[in-house]
C-alpha cells in the first residue's frame, strides 16, 4: 500500500498547492492514505477549524502538527473534537487532542499515525524517544502499518530517531525545517526514513515567509511581523510504500511539484 | 567553469570517500576547482596538519571550516601558515587564519572562497550578513567567481543568506547539518543555492557518529564519548557551473556517491 | 556624588513603587541622578510615550532598556526624539535611539549612561565587550562618571563584563533577571558592580508576571498570555557613590523597599 | 531545627572555605544538618570519591549535584554506593544514584533532601515540576522536613518552582548561577525560598573560573581551557530554620563569609 505524506503546508499558497496537486498525486501513485503536516496551514502558523475542514475536503485523511499547534485559540476546542488531527504526543499529560490515532486507509488497512516533537532547539517537552516507545506499546498488536511524523530541528535527533525505530514502525518522516532533505532511504530493518519532507507553500520565500521580512529581521534584529509570501508554490511530499502484511516499508520516494 | 563542493568530511570514512571518488568526479564533471568542508576531517572534529596535507594531496584545492575549526590545538599554527584553509570569517578580529581567500582554478580563473558561520543555535559570532557585505566589499572588482560556504544550523538563516547574496556571489552552499537537502536551485539573479551539501563520511551513523552512542546520549542524557562510525561511506557534494565572464551560476547539481 | 539605579520597572505596580518611593530615596541618599531600567514599564513589556513621560515626571532622569525595548510600536518614533532613553548599544547600526548619552546630574557633573545587552541566552546582537570598548572610546576625555546597565541573562557574561570594565567605568549594574543579587562590591580598580539590581514591580509574582500563569506555562507547555501580577510592590535599586573627580566608585549599596 | 545549605563548592578554594568555616558556622547557628552543592568541587567540575570523602569528613552531611554531576568518570561507581550524594532526580529512569534521600539530622529529625535540575537554558531532562510532585508523593507521610536544591539557570523557572512548592516543602534553595541572590524569604505557606545560594569558591573570578580566561573566551570566541581561579575565597550559604513538627520554615538567612 502507499502513503502520501505532505510536508508543512504554509498558508494559502500551500493550500492551493494541495488543491491543484492532490488528486493527481493520489491517482498517479495509487495512494491509499494521505497524511499532511498542517501546523502552518492557517495564515502561516497553526490551524483553524475552517482551514482544517478545507484540507480534509481536499482529500487529506490525517493532519499532523508541530510546535505551532496551539497558535490559534480555537484549536483547543477543535482538536478535542476532530480526531483526524494528531499533535505532538510528548506534550505533558492533559494537553487537548491526540498524539496518535489509528485510521482506516482506502484499501481497508488500519494505519497508526503518530506525531512527536523533538527537544533540541525546541520547546521543553517530554523525551521523544521514551514517548515513541510508549506510543508503540499502546498500539501493540493492533496495527501493522505505523507512521511517525517527527517534528524536529536538529538532524542528529531526527536521524537518531530513525535508527531508534528502525524495524518498529513503517516510516519516520521528519518535518519542521521546511526544507526537503535528499537522504530518503529504507533503513536495514524496514523503516522508511527521511530527515525532512520539506514545505508545501510559497517557493520564493524564507521557509514560507516573505524573504524581505526575514532578511530585515536578521540584519536589524528589530521585530518584524512575518507574513506568508505570496508567490507561486512548491509541494513537498514523500510516497512511502509499505507491505501491509508485515508493516515493513519497501520504498520511499520524494515528490517536488512546482507551480 | 565547474566547482566541486564537498560536504563536511567526517573522519577516516570521509577521507576514504574522497580518496576513492575525487579523481573520478573531477574527470566526469570537468571540475576546475575542488572545495571541501574539513571541519570534521580529523577524528570527527577539527583538522590537523597531517589530515590537511592528506586532503590537499588527494586533490582538494581549498578547505573550508566551521564551528569545529579550533578543536585540535595545532590548528592555531597550521592555519596561520596554510592559506588554503578558510575558516568562518565572522570570528572576532584577531582570530588566526583567513575568512576569505582567492585561488587560481585549473582553468586559470580566480575564485574567491568565503566561509561564514550562522548565529542561530550556534556560537555568538559577528553578524553573518554584515560580514558577507564586508567580505564582498574587500573583493570588489578583484574576482568574478565567488563562493560562500555558509556553515549554519537554521534553515531560515541559510535560505535568507541565499536571497541576501543572490546576484552578488556565484554560489551559497550550506554546510553543518550533515544531511543533504534537495532544494538546490539557481536563484533569479544567478546565485547557485543549496541549504546543505550534506556529509562525506560513514553512512550508517548519526551524522557521522556511531548511532548507538548518539541514541544512548539522547535517551539517558548521560555523557557519551562520541566516535566516528566505522561503516561504509557516503560522499555528498554539489557541482556548480559558473559563467566565469559574469560570475553567474548556470547550474547546480547534487552528488551522492556510496561505497 | 550619588547615582540611584532602579531595576526593571514592571507595569503599574512598578510605577506605583517609583511614585511612592523615589522622592524619599533621593532625599535620604542625596541622589544626584536617577537612572531606571524601563524595558517592562508599559504593561509588562516595553515602554510607551505616555509611560515614559510618567516616569520622567516622577523624577527619573534617564531610562535604560533591554530586550523588550521594541515591544510597543510607538517606541520607534518616541526613542528617536527622547534622548533620555538609552537602549542596548549593540543593536546593528541603524537602529533608532541611542546606546549611550551624557546627562547633567543635579550637582552639575556630567554622567555618561550606557546600555548594552548580553548575548548568552539572548538575541544575537553585536559583541557586548567590543561594543563597550567602542562606547568608551567615543566618550574619551569627555566625561569621568560613566555607568553601564548591562542587560544580560548569564552570570558568567555579567561578571566577566564587570572585570573587563573595572577601572574604566564608575559602575556596571546588571539588569534583566528581575532578581536582585547580593554580590554588590567595589572591584579593585574602582568600578561598582552588581550582577543584577532586581525588579521594581509586583512582589508575589514570577519576575513580575502572575504566578499562576507562569506555573501553568511551565507545567502544560501550552501558550499562556502573561499578565503583570496585581500585588503589592517591591522596589529594587542600588545607590552608587562616585568620586566625580576620578570617576571611581567608593560605595555601592543595595535598596529593597516593600509596599 | 536549622539546616545549613552551602552553594556550589568550586575547587580547592571552595573546599578550603568549607574547612575553615564549617565548624564555626555549625556552632554559631546551631546547625542540625549541613547540605552542600558539590557539582564543581573537584577541579571546578564534578566530584570524585576523594573529594567527596574530604567534604563528608569536613562535616557536610549531604551533597547535592547539578548539570556537572557526571564530569568525572568515577562518579558512576561512586554515586551508586554513596547514598549521601543526591543528583538531579529528573534524569531519565536508570541513571545511577538517587534524586532524593532521607537523612537523620543531628537532632534526630528525618530530613528529605531532593535535587532537581531546571530545563530552561539547560539539558533536556524530565519536567522538573512533575518530578517534584512525584518525589513528594514518594515521601508521603514519611518525613516532614523537606528541602529541594533546584539547580537551574532561569529566574522565572526557579521562582515558579518556589511558588509551586510553597507549603509542600520546607525550603526551595536555588543553585547553579554561582551568584547569591538577595530575595530570600518565607513564602506565605511556609516554604523558605532563595533563587540562588551563590558559590563557595574563589572570589576574584568569573563564577569560579580565572577571570582572564573567561574574558578571553567571550572576546575571542576561541576555545579556552577553564581553570579554577586561585584567589582568596568566599563562602555562600543560607541557614534555614524549620519547625520540625510542621515542616514549615520560620526563617531563612543568607551567609557570606570571605577569606
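By letter and in written order, the chains are A, B, C and D; residue numbering begins at 1 in each of them.
Basically, a residue touches a chain if its C-beta (ideal position, glycine included) is under 8 Å from a C-beta of that chain, and two chains touch if they have at least 3 such contacts.
Listed by chain with UniProt protein names: A, B, C, D = Phosphoesterase.
Small disclaimer: the values here were computed from a predicted structure and weren't measured.
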Walk from chain B (Phosphoesterase) over to chain D (Phosphoesterase) along touching chains and report the minimum step count.
1
Expressed in steps between touching chains, what is the minimal separation of chain B (Phosphoesterase) and chain C (Phosphoesterase)?
1
If I rank A-D and A-C by number of C-beta contact pairs, which comes first?
A-C
Counting only Cα atoms for the centres, state how far chain C (Phosphoesterase) is from chain D (Phosphoesterase) in Å.
30
Whole-Å distance, C-alpha centre of chain A (Phosphoesterase) to that of chain C (Phosphoesterase), is 44
Give me the residue numbers in chain D (Phosphoesterase) that touch at least two other chains, ranges are fine.
92, 124, 127, 130, 219
Flag every residue of chain A (Phosphoesterase) that touches chain B (Phosphoesterase) in the complex, lowest number first.
121, 127, 129-130, 153-157, 159-160, 163-164, 177-183, 188, 195-196, 198, 204, 206-207, 209, 211, 214-215, 218-219, 254, 256
As the complex stands, chain A (Phosphoesterase) meets chain C (Phosphoesterase) at residues 70-71, 91-92, 94-95, 123-125, 219-223
Looking at the complex, which residues from chain D (Phosphoesterase) come into contact with chain A (Phosphoesterase)?
92, 119-120, 124, 126-127, 130
